[in-house]
Structure formats: structure tokens, C-alpha cells
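For reference, the structures are reproduced in the following blocks.
Okay, so subunit A shows up in both of these, paired with subunit B first and subunit C after.
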Partner chain A sequence: RGSRARALPDRALVNCQYSSATFSTGERKRRPHGDRKSCEMGLQLRQTFEAAILTQLHPRSQIDIYVQVLQADGGTYAACVNAATLAVLDAGVPMRDFVCACSAGFVDSTALADLSHVEEAAGGPQLALALLPASGQIALLEMDARLHEDHLESVLEAAARAARDVHTLLDRVVRQHVREASVLLG
Partner chain B sequence: MAAGFKTVEPLEYYRRFLKENCRPDGRELGEFRTTTVNIGSISTADGSALVKLGNTTVICGIKAEFAAPPTDAPDKGYVVPNVDLPPLCSSRFRSGPPGEEAQVASQFIADVIENSQIIQKEDLCISPGKLSWVLYCDIICLDYDGNILDACTFALLAALKNVQLPEVTINEETGLAEVNLKKKSYLNIRTHPVATSFAVFDDTLLIVDPTGEEEHLATGTLTVVMDEEGKLCCLHKPGGSGLTGA
Partner chain C sequence: MAMEMRLPVARKPLSESVGRDTKKHLVVPGDTITTDTGFMRGHGTYMGEEKLIASVAGSVERVNKLICVKALKTRYNGEVGDIVVGRITEVQQKRWKVETNSRLDSVLLLSSMNLPGGELRRRSAEDELAMRGFLQEGDLISAEVQAVFSDGAVSLHTRSLKYGKLGQGVLVQVSPSLVKRQKTHFHDLPCGASVILGNNGFIWIYPTPEHKEEGAGGFAADLETEGVRVSTEASLRTSSCLLLAMKWNWGALWSPGRTLRVPAAEAPSFLPSLAVSG
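Now for the complex of A and B:
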């Protein structure tokens, strides 16, 4: 139960919490939640989903999204967003569109999509992109590294293309699930 | 009609089923839910297991690290279990420090490890007085639908059987440990404790493997841990209605 004091009169409050298991990384992670990175991730997820969920339809309510990472091998933000999209759809919360995310980097004048842990640790620029595929609108774009603006276009395009591929997969999975569920319900 | 009755009078609804010696999900009173196990799926952990008892889903990941052995037992290592019940698994849990149920479960698992001698702590010692292994067993519940203790014990046992520790030699000259990642060996699991939980209904009826709803309606719970030789390792009866010895 969320606190009444934080209830918004005209829309729903979206609350995201990111937690990664202690065994998810190579080195055992001591603080699974409450540390700075987890709080930042939670905030980014909240900002992403506030852009996508139709919060006006549920005033004075709270939507909690809890994400638990079991194994981290790069692209955790993207995996969290994709998983949370499916979860929100499964819960029946109305959304503007799917939110599909992917990470991208730039190594040796080539844009790379969906970086693994080894590629992220190499230290090149990395970009996280969350996309609403139908309209092509960007829900969240984050990059904190040095990248020449001439290259931004290609990296963004690589991430967007990968996000759209994820959308095709998620769409197919959701439709199949609905088809199976409606067959069971008769 | 049945759904309405269930909401208004859940206990009566249950009693109707129990009178016929069965439960709403179609099980007998002594029947377990469908159990699935997936072992070794987390490659970053030294050992891992995912257990599903019906809808209850629990994952156990084990990480091994070095530590100095305890001063009062220089030839032993450590096994540190921790059960986490995040708000993700059920709306009854809030985010924040571990609640009462998680702490009780952690202590229960620690007792099971200690009493059943599932691994000898001496096996975890590398160099007496200087270096030993510490196994951090982190158990996370992903979906809470009752009978969490059974699932945690099962996941822990499966994960411990999956753990592979590399060979460690202490270099005589430098005194530093050299880890040989190419040579890994499994842990020596001495016993296989299995937990069975019961819910007590109306002070007389015992049903096995209660779901979340059944636990909520029950007047008491009982958990028994036995190993494969029929030896009792742990008996956990936290309050609730009294049971006679019979």
C-alpha cells in the first residue's frame, strides 16, 4: 500500500524499483538495492514508463513495477524495460504503445547494437535507448561518454533498429499468449 | 456463484472441499504440487538452481569467496544462507530491510544446513588457520504462493549440488593463494535433506504443501525436514493450533 500523501489527484503514480541479485555479476554484489546505481536505474525506469503508461486513467492510484536482475551480462536497462513492458501488459495496465529498449555503442568507427558485459567494460561510448515503436517516439535516451556528434546518428539508428526488432518479437509473443488464453477461456 | 461464495466465506468454501478429502485445485490432501527444477542456469554464480512448486518460484544462487577461517574453528569454512522475499513476489511484502518472514526463513535454512550436515565445513577449508571458502547462498523468491520453506530447502540443495569450486593451492614462498580455474570439483554433499510443510486446518486436519490461500486460512503450520536415511533434521512448528503427538 503506497502512502496516501503521495497520491496524485489527476493521475496514477508510477513507482519502479530495480534490484539485482548478489550472484548476478562476476564479483558478488554486496548491496542488492538501495545503492546509487539501483536508485538511478529505478528512476530511469520510472521516467520511461511514465511516458508510456496512460496514467490519466487511474487517478489517486499507484502502479508498482519491481524488476529483479538474476544475471547481468550487459544491457540491463534494456532488458529491464522490455521485461517491464510485458509485465505491465500482462497486468492489464493501459499503455500508449510497447516500450522497447536496446543499448548501442561505438567501436572502431562501427556502431554496435546490444552490448554485452565485455563490450561495455571495454570503455567505449554507450547509449541506452527506449523507443515507442509505432510512433517512433523516444521515451528515454541516455548516454554519458564522449562521442563525436557526427557519429550520433549511426549509433542512434543502430539502437532504434534493434529496438524495433525487439518490438516484433514482443508483439508476436503477446499475440500468441492472447490467442492461447482466449482458447482456454473458450 | 462459486467465486462469490469464495470471496464472502473463504473458510466455508474450503471446508466443503476438505469434507470430500480434496482441495480446490484438484489435489488430494497428501499430494504435492507439480515440481520443476532448473539447475545451473546462472553462469555468473558458482552454483544455481530454480525451483517451482506449483506457482511458488524460488531461485538460489551460490557465490564462493575467500575468507579467513573463524578463530575458534580454524579448520572450518562458512556457509552463509540468506533468504530474500522481495515485494516482487507478493503484495504482502514491502521494500526495505528484510521483514520478519524473510529473517525466519533465513534462520530456518541456516538451522537445516547446520543440523543436517549437508556439507562438512571442514571440506571448505583450504589452509587451516589461514584461508577457507565462504559460500554465500542467496535465495530469492520470485513468486510467493505458499510453502516457501520447502522450496528454499530444495533450491539450496540443488544449487549446492551444482557448485563447482576451483582448486586452490597456497604458494609456499609468497603465501598467496593460486586459483586454478581449469580444475574444478563438485562439493561433497553428505546428506540430502528434504523439507515437507503442512498446514493445520480446524485443529485436526493436516494438508501437505499449502498454497498461499491455504496458508492464510490455516490455523497453524508445521515443517518437517528429513534426510534420505529417515533421520529427522529439523522440526519447525511456529505457534498456531496445538497438535497432539498422534
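Now for the complex of A and C:
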């Protein structure tokens, strides 16, 4: 139960928690719950979903999103966002649009989309993009490396294209599910 | 020694077998419903750049000039007159807070509860102090919705002999969108169990009381009597059937009178026949 003190009078509070299973990476590693990476990831997820969920409709309420990574091979932020979109949609919480995310990087003067763990560990610049596909608006764009501004355009384009591909997939699955469920419900 | 084995096979999607006769307009968040600005927007939609956009995944419902999108699965939204089954979470001054699977906790005011003996008087300070004697945290009650507050919270009342604290039985929680609104929500199944279909998705299955006393189920069910034991078993089996149906997504909408016999090959032999429409 959330604390009453943190309740906002005009909108809902979005609370995201990220955790990573010990067996998710190649080497079994115990990750304490409040560590820096989890907190930062939780904060990024919160910013992403506060942009997408229509929080004005649920004043004095809290929406909890808990994500746990079972297998990590790069692109964990993107996977978390895509999974959480489906979860929020299934719960019936009103959202502006799907939120589709993908990571992208720049290696050997080529923009790469959806980096794997090996490519991320290589140390090149990497970018995480969360997109609202219908309007093309960006929910979150994050990069903590150095990239020449001439290359930014191509990397951003690669990430956006990959995110739109993810959207096509999610859209198809959700529509199929809605069709099934509406047949069952009569 | 040869043995016959059946391997799991993916079920065929139902929409293919039933056919494309659904004239419903199904949408997902981000879909444009219409660009005509003459419509009023209802739940599940929002206005963006001169067009009406859906904000939940579900079917579009159009009533004259009002367009709303009914989501597949939501929290319970109270309407006046609904029967709900809820669990007491808090005992406050002059009211109880009841958890009914909705966005905000429902409220049961002390003045909306019948006093023992059916007296009609103003609730005094002694009644307030005795509140915990009637209902404590963790108790289950059946009640009716009296009013809905502006923020969506629901106010309940138990001003009838058929509502009140629930005794021995089993609670099954399903999605509220699966329970249709009907004339009566209290049913007696032929197998010896009785069921209360809460509109909020909480379904209470209890052994049919031998003699119709007030209230659903007794506080101290007498398990010695053979009849009561049999009907308790029946209620437990009914709840397992329900859980199985939910698991296999039979889309159970409750309307007694339409029976669906469970195929013997798919279900254990002891399951009683059940009123499920799917």
C-alpha cells in the first residue's frame, strides 16, 4: 500500500521497480534490491510511463509497475518498456499510445539497432529510445556516452525504425488478443 | 509396454472457428476512432489533434452522440444497485473501508448497516465503539451499492436481510468484466452449493443452508451434520470448476439456465455439471 503522504491530488503516481534475477547474466551475480542500477532503471521507467499513461484520470492513486529481468543479453531497458506496455494495456489503465523502445549504437561508422550484451560491453556510444509510434513523439531518449552530432541523426533513425518494428509486432498480438476475448465475452 | 500419450497441442484461436460475424469495432491505444468532432467523448478515449483517439484496448460503443471504449479488463466501476462481495480492510470512525477490486476502497457507513434486532435509531457513540464487534479487518461481506462518489469511490449498504457478513465458503476472484448484470445474483446450484455473483468479480460459493435463515451462510456452520458436509464439498468442487474455467479462458458469463456440460475426457470425473455460458 502506498503512503498517503505521497498521493498527488490531481493525478496518479506511477511507481516503477526494476529487479534483475541472479541467473539473468552469464555469471550468477547477486544483486541487492536497492542498488544504483535498479534505482536508475526504475526512475527511467517512471519517466517513460508518466509520459504515456493518462494520469489525470486517476487522482490520489498509485500505479505500480514491477519488472524483473529473467534473461539479459543487452537492451534490458527496451525489453522492460515493451513488456510494461503490454502489462499496462492488459490492466486497462488508459494510455496515450503503445510505448515501444529500442537501443541503438554506433560502431565502425554504422548505426546499429538493438545491441546485444557483447556490443554494449564494447564501449561504444549507445542510445535508448522510447517512442509513442502513432504520433512519433519521444517518451524518453537517453545516452550517456559521447557521440558526434553528425552521427546522431542516423543513430536516432535506426532506433526509431526498430521501435516501429516492435510496435508492428505488439500491435498484431494485442489485436489478436482483443479479437479472441471479445468473441469469448459475446 | 506401449502406452498411449497425448501431447499438448496449441488451441486454435476461437475467432477463426466462430467466424467473422463480429460487427464490433475493436481498437487499441493510439487508434483513431473518428475525426468527426461532432461526437462527445466518453470513457476510454481522449482528444488529440482534432481527432478522437482510443486510450484502452477494447470495443467501441456508440450511443447516439457519445463514443466510449469499453476495455477488456478493468477494475470494478460501481453502479448504483450492484451487488458486491468485499473484504473489510479498515475500521474507521463511523465507517468501514471495504476492498472490492476497484480503484478506490469502497465505504460502508455505520448508518448503512442494520443493527442487531432490526432497530431503527440514530447510531450513538456506543455503537461506534462496538463497530469492531460487528465487522473486523479481514471479514467478507455481501452488500449493495448505494451511491457513487464523484471520485469513483463506492458507498455500500447492507440494509437487507440477504446482505451481511459471510460465513463458511470459498471466494473465487475473477475479472469484473466477466460478470454480467442480471436480475438476481444469488443462485442455488443443484449440486448443493449456493453462489453469490458479485459484480466486482468476487464470487462467493457456500454450502446451501438447510433452512432459509437470514443472511448468506452461518457464522458457525455445523460441520457434523451429513447434509452440511456434502454441500460443503459441493461448494469446494464448484469453486475448482470455476478456477479451471478461468484458467482455460472459457469466458464464463453467468446466466443460469444455459448449461455447458464439461466433456468427460477433459475434466476429472467428479466435476458436477455447472451453469456456465461460454
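Note that the second predicted complex is superposed on the first by the 185 of 186 C-alpha atoms of A that agree within 3 Å, B and C clash if a C-alpha of one lies under 4 Å from a C-alpha of the other, contacts with A are read in each partner's own complex, and residues count from 1 in each chain.
The rule is short, and it goes like this: a contact is a pair of C-beta atoms (placed from the backbone, for glycine too) under 8 Å apart; a residue touches a chain by one contact, two chains touch by 3 or more.
Note that the structure is predicted; figures quoted are calculated from it, not measured.
Peer 1: Record, for the superposition on subunit A, whether partners subunit B and subunit C clash or fit.
Peer 2: Superposition check on subunit A flags a clash between subunit B and subunit C.
Peer 1: Which chain, subunit B or subunit C, is in touch with more residues of subunit A?
Peer 2: Counting contacted residues of subunit A, the larger count belongs to C.
Peer 1: Would you check which partner chain A:Arg179 touches, where first means subunit B only, second means subunit C only, and both and neither mean what they say?
Peer 2: After superposing on A, A:Arg179 lies in contact with subunit C but is clear of subunit B.
Peer 1: Of the two partner chains, subunit B (first) and subunit C (second), which one does A:Gln17 touch, if any: first, second, both, or neither?
Peer 2: After superposing on A, A:Gln17 lies in contact with subunit B but is clear of subunit C.
Peer 1: According to the stated criteria, A:Gly26 is in contact with first (subunit B), second (subunit C), both, or neither; which is it?
Peer 2: Once the two structures are laid over each other on A, A:Gly26 reaches subunit B alone.
Peer 1: For A:Ala5 in the superposed arrangement: first (subunit B), second (subunit C), both or neither?
Peer 2: A:Ala5: touches no partner chain.
Peer 1: Is A:Gln71 touching anything from subunit B or subunit C once the two structures are fitted on A? First, second, both or neither.
Peer 2: A:Gln71 sits against subunit B, while subunit C stays out of touch.
Peer 1: In the superposed arrangement, does A:Val118 touch subunit B (first), subunit C (second), both or neither?
Peer 2: A:Val118: touches no partner chain.
Peer 1: Which positions of subunit A sit in both the subunit B and the subunit C interface?
Peer 2: none
Peer 1: Hey, which residues of subunit C end up touching subunit A in the complex?
Peer 2: 13-15, 18, 22, 24, 26, 28-31, 44, 46, 48-49, 53, 55-59, 71-75, 103-104, 151, 177-178, 249-251, 253, 278
Peer 1: Which of the residues in subunit B end up touching subunit A in this complex?
Peer 2: Listed in rising order, the residues are 42-45, 48, 59, 61-63, 65, 84, 86-88, 95, 136, 138, 140, 142.
Peer 1: In the complex of these two chains, what residues of subunit A are touching subunit B?
Peer 2: Residues 17, 19, 21-26, 28, 32-33, 64, 66-68, 70-73.
Peer 1: Considering only the defined contacts, which subunit A positions touch subunit C in the complex?
Peer 2: Answer in residue numbers: 54, 58-61, 89-98, 132-135, 171, 174-186.
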